[in-house]
Amino acid sequence: MNEEELTSDFMDERENLNEVLMKYAGKNIKRFFNIDTNAYREGALPVKTKEMLGLVASTVLRCDDCIEYHLIRCEEVGVSDEEFQEVMSIALVVGGSITIPHLRRAFAKWDKRRS
Amino acid sequence: MNEEELTSDFMDERENLNEVLMKYAGKNIKRFFNIDTNAYREGALPVKTKEMLGLVASTVLRCDDCIEYHLIRCEEVGVSDEEFQEVMSIALVVGGSITIPHLRRAFAKWDKRRS
Amino acid sequence: MNEEELTSDFMDERENLNEVLMKYAGKNIKRFFNIDTNAYREGALPVKTKEMLGLVASTVLRCDDCIEYHLIRCEEVGVSDEEFQEVMSIALVVGGSITIPHLRRAFAKWDKRRS
Amino acid sequence: MNEEELTSDFMDERENLNEVLMKYAGKNIKRFFNIDTNAYREGALPVKTKEMLGLVASTVLRCDDCIEYHLIRCEEVGVSDEEFQEVMSIALVVGGSITIPHLRRAFAKWDKRRS
Amino acid sequence: MNEEELTSDFMDERENLNEVLMKYAGKNIKRFFNIDTNAYREGALPVKTKEMLGLVASTVLRCDDCIEYHLIRCEEVGVSDEEFQEVMSIALVVGGSITIPHLRRAFAKWDKRRS
Amino acid sequence: MNEEELTSDFMDERENLNEVLMKYAGKNIKRFFNIDTNAYREGALPVKTKEMLGLVASTVLRCDDCIEYHLIRCEEVGVSDEEFQEVMSIALVVGGSITIPHLRRAFAKWDKRRS
């Protein structure tokens, strides 16, 4: 699979599950999802910085799906290999060896997208 | 698969693993499992409230198996769609977007049971 | 100090700090605070249940300020001693002995309000 | 203050708060406290190993009161300076730099007891 | 107190505790502290971005001392009010309302430094 | 599959992913991995104790891959069934019922290796 297919597989599954969730969601959940989208929009900080913030937060909290989403977004907005590994090195130092299995999976996904 | 089969698949797997665990477990682990059962028994609070407490705690701590167990129990004791989504909205607000992948999977399981 | 003074001390400090926060907060933070208020409003679930959900979530996530807030609200909306200890027993079982220091402080605050 | 006074101050405060808690606690909480005591009793593993296990678990979960309790117990049962710092180095590597403020406070307490 | 005094109070206390820690620390802890320093050095990413990454990671993991350290560093390297609140809004959305008490204290410290 | 095959499957997968990670890793990540290896080397504490410390830390932090790694190492260095269940009972008491799904999987893996 090429990079575009990798992205759309993950994003499609995500979209499908979101639809089920929204079938039941009340106003509070819907509003939360809006804020979640808005928080990563360009502001005083550029989108690229915000996506790296999302990536490091997802990694120290050890959420594979969240890591994958921000990893895809990071690549889309131009984060380089070297920048990516620096974000992950901060996550590793702050979060400790308990994050390593998530780092392994994150670098494997990054590698697939970059090759 | 219908709802009964969904439940028993999950519960059977859980039961099988518990048996292996109990083969090795000493007195402290066994007693812990007893307390874990007793904590959700009817008391000053009805079972339904206690299962919702278990569900929200499992969701903010992001444990899919624990969520699934309490979600099944919630439905068995009469939690409605609207009540379920209100519990999950509190979990989302307290626990943040990092809980969203767990919410997606929880609503997908809830939806399968309700349709 | 009587119960009313205890409450207003904590709530005043909280209000003062919120004001500083709001001086800097952009739209996303402000909207988050709105959702946070709305999530505990009466809906399919009564306020009392929602406050107990907030209490158990705060306890397993081990946030003393959040515990204190929901503990005050629980008492205001009529949670009894027995109901309070049942909520805390679920938090203890789910969250483990690591929650005990928070339980100690929570019961001490509860006790001051009730005597 | 000498070491004995340091210990008894912390332990007295802990005892006082436990008494308040036990005034409200039902059977499940009481049983949990029993298991919590029993888990650290001599078994296949000696008490010293178990206290070091309690210390590392408390440190990666970042609970100062729990760390202090197990640190006192570790010293009482003969953990040496070098063993103590090895336990803490594993906690630091597993838990990351986010544990450092807790390590600082733990080493300060250890140092007071040892000098 | 002016900003310089605020900074040096916190940094002095930190330094004193580090000295005690280093009295006991073996090679692994010492090397960890070196990596912890290096991770925030200029690389492919500028220091300012790295400090914001440290801030958001510290906030979602809810460590007040870590937040304070990175908040001071952020201000020293030129993070603006608006950039600061955008970092914190991402932390709030990712980490949920459980981070709010930490946000309150962080904005209060930021405000003291900026006025 | 026999025990040796079970081990090498897990360890091979781990090794392969580490290679990808190391393709991108800078000096900080590489040094972290070195410390991570060194922390479990014989010192004042024997390897067996250190592996049990790693196991309990991994379990309360609920990382299946980390648990599996230390579980394999524990068995290799002579931890007995009874010692294993005592480590896990401390993890369960400290970390609460939220660790139970991880305990189930850990005991199942232990059981496969021991039969």
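Chains here go by letter, A, B, C, D, E and F, matching the order in which they are written, and residues are numbered from 1 within each.
In this section, a residue touches a chain if its C-beta (ideal position, glycine included) is under 8 Å from a C-beta of that chain, and two chains touch if they have at least 3 such contacts.
Please read all numbers here as calculations on a predicted model, not as lab measurements.
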item: Taking each chain's C-alpha mean as its centre, the one farthest from chain E; value: B
item: Distance-maximising chain from chain F - centres being C-alpha averages; value: C
item: Self-contact between copies chain D and chain E, residue sets same or different by half; value: different
item: Distance between the centres, which are taken as Cα means, of chain D and chain B, whole angstrom; value: 31
item: Where chain A and chain E are represented by their mean Cα positions, the distance between them in whole Å; value: 23
item: Inter-centroid spacing, chain E versus chain B (mean Cα positions, whole Å); value: 37
item: Multi-partner residues of chain E (each touching 2 or more other chains); value: 26, 28, 32, 35-36, 39, 43, 57-58, 60-61, 66, 82, 86, 89, 92-95, 97-98
item: Chain B - residues contacting chain A, complex; value: 62, 81-82, 84-86, 88-89, 92-93, 97-98, 100-101, 103-105, 107-108, 110-111
item: In the complex with chain A, residue positions of chain F that touch it; value: 14, 17-18, 20-21, 23-26, 28-29, 32, 36, 57-58, 61, 63-66
item: Residue ranges of chain C touching chain B (in the complex, touch as defined); value: 35-36, 39-40, 43-45, 49-50, 52-54, 56-58, 60-61, 66, 80, 82-83, 86-87, 89-91, 93-95
item: Parts of chain A lying in touch with chain C, wherever the complex brings them together; value: 26-28, 31-32, 34-35, 38-39, 43
item: Touch list for chain C against partner chain F, complex; value: 60, 92-99
